[in-house]
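Order of writing sets the labels: A, B, C and D. Residues in every chain begin at 1.
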Amino acid sequence: MENERDLNEQIEMHGKMRIALDLLESCQEFAQMIPEVRTNLVYARESAERTDDVLAIDGRVTVVGGMPHASGDPKFGASSHMARLLLEIRRRDPTIRAGINFANTPSLSRWLEIYCKRKGWVFSVIDRRSEPEAIKEAEGASMPWKVGEAIRAAGGRVPNVFYETGAVGKEPVTVLVGSDPIVVVSEMINLTLEYQRG
Amino acid sequence: MENERDLNEQIEMHGKMRIALDLLESCQEFAQMIPEVRTNLVYARESAERTDDVLAIDGRVTVVGGMPHASGDPKFGASSHMARLLLEIRRRDPTIRAGINFANTPSLSRWLEIYCKRKGWVFSVIDRRSEPEAIKEAEGASMPWKVGEAIRAAGGRVPNVFYETGAVGKEPVTVLVGSDPIVVVSEMINLTLEYQRG
Amino acid sequence: MENERDLNEQIEMHGKMRIALDLLESCQEFAQMIPEVRTNLVYARESAERTDDVLAIDGRVTVVGGMPHASGDPKFGASSHMARLLLEIRRRDPTIRAGINFANTPSLSRWLEIYCKRKGWVFSVIDRRSEPEAIKEAEGASMPWKVGEAIRAAGGRVPNVFYETGAVGKEPVTVLVGSDPIVVVSEMINLTLEYQRG
Amino acid sequence: MENERDLNEQIEMHGKMRIALDLLESCQEFAQMIPEVRTNLVYARESAERTDDVLAIDGRVTVVGGMPHASGDPKFGASSHMARLLLEIRRRDPTIRAGINFANTPSLSRWLEIYCKRKGWVFSVIDRRSEPEAIKEAEGASMPWKVGEAIRAAGGRVPNVFYETGAVGKEPVTVLVGSDPIVVVSEMINLTLEYQRG
């Protein structure tokens, strides 16, 4: 019974990931949104507690032949950073089960703020310069601080889109979250096309 | 409504294919069961009528580094021969939605006959030598004849496993069918392990 | 010294294979020439004696997204059938170091005969129906017979292009051989484009 | 004549890249040395002037199934950052034709300093904090400054290994350069195994 429910959840998750990946890999324009650290697409089980409960692209999404390209297949436990970020967000809003990261530049951030307002989305920023030293150094303390900061900066609401200002040694990236990977990738593509159109 | 039902079917189909493929690609022993024409794994929509309604592995499953390896991703319309075979079988038994092909040798066929008896499965053979010339030459007539012959040779029952005797220019292959790709691949792996164990 | 010569040969072989594969994978038209058993491209060391001395595509060349696609990377020992065929041909003409197999149909064979005449190439056929039973059954005896037959049917000359008539259970394929994989693939593409043009 | 020399150079370059990649992809230990921005392996033509003259891995080297994995095939022009870095180094020392980037941590840097001393290699560091603002902002000015700084900090010698201290928004990486990709990857693997051994 438990096992059957578990298998059904896995089927649904793998199915949605495949369809979302097909969309993403067909969108040439997204290649320019992939950050240096590469993109991952993550999807948490309903009862996710650990990174092993999060489906992600093994090897991340990179650019091959000018197109977005999943290096490996979707696999539970294939992401660390993005998976932990998603797990932390889910503590505040469990309806969020998927997320994707993409590039960040000052001009994209300005554009995103307006785009999010138009969409009725909550947009936020994590200013890494205000991260206390004690937190930077404590193992595992950074993620709760980041997510807390993103929510605080958005007036207590869990954001749909947020970015980190780059810290020393860290590439700044933007993150978009949503209920499942098809929703997240569809919105990612809309956003990409609209941004690049000018 | 129609579209939502359609999307839900695609999600379930892609999810089951991915899980089935993960099983198949992890089974080193299956590498030796892959025929020269390579293996495909096919999965028909509930209302499938054309090969575009059948999900299959783009580029088939081949052997890389000694392991079974899907050359491309699952895609609707990626198979011709196996998809048409499945569509024809489904005219006789619509509960069959998935199938896989694998190697055929005289000794494997003898072993399979006993194995199927033990499993309570229907086993059959298509003797290509009895295929009428008129059918061989008529475009599209071969598949209905083949499936009809497999059922006739099994006393009117739709077989779980069947093989073709090789015709001139055609590699003989064995086919295993079932309700979905997870079931089909699980049975394929059981069969492979038991056969190779001796 | 010996090792350095060996490494230099491997560098040259891998380099030519990569360039040849880039050509082949970019030629959409070739996708239709890939037989059911899939294409392999093989390249023998100068002193090749065993299949481990023959570089080939691991997993063969299949069709993904409508384009020819190498399933794995080039690897010594990755081919059995095509490698043994090449080794046997090299006993008669050691300047031949590379080969590729492709589809065979009666109309292609007729066209190839004329094409080869125009190119000044030797064209031949292996009629499997004349293969003695004793040879079919003896392990390892088939390949020398085949190559001997291809040469005999060409009046004692080693052919540039030859095909096998399909035997029971064997798909008929055509083979083109030459001095290295760049030469072989370039000629394969010329032939493909000219054949498909009409 | 010119074309033949050009083809011969491409053959040799592709051959060495393939052999180097086979080594790298077989070294599980290297997976832990891959930085967030992923590894690239670059190889410049003898007369390289632009990034199109530099062979690199399309999609970079990522980690799939726990192993280093080239996302795409080697391709001229597939790298921007690492290719430009290599071109700049070659202005000071044209015998350097290949390079690889890998992770950087304070403890690895300390270890590398000792390792390089033992090997008789020149080790250097680029302190991004001393980069003039005018250079950061001028298009294309950063790379000459970086390479100049690495040489200056090494007392005027071109280093074998160097790293950048992380700037805001930039992951710090280490770079190892050498005469060709087989040499570079062999040294990379030696270094990796020795570092991980403790």
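Keep this in mind: contacts are C-beta pairs under 8 Å (C-beta built on N, C-alpha and C of every residue); 3 or more make two chains touch, one makes a residue touch a chain.
The shown structure was predicted, so the numbers you read here are calculated from the model rather than taken from an experiment.
Each step here moves to a touching chain, and the least such steps from chain B to chain D number 2. Inter-chain centre distance (chain A to chain D, centres taken as mean C-alpha positions): 29 Å.
One inter-chain figure worth recording: chain A and chain C are separated by 48 Å, centre to centre, where each centre is the mean of the chain's CA atoms. Mean C-alpha positions place chain A and chain B at a centre distance of 38 Å. Not a single residue position of chain D touches two or more of the other chains. Pairs of chains meeting the touch criterion are A-B, A-D, B-C, C-D.
Across the interface of their complex, chain C is touched by residues 36-38, 58-60, 62-65, 69, 71-72, 166-172 of chain B. Considering their complex, residues 7, 10-19, 22, 73-74 of chain D touch chain C.
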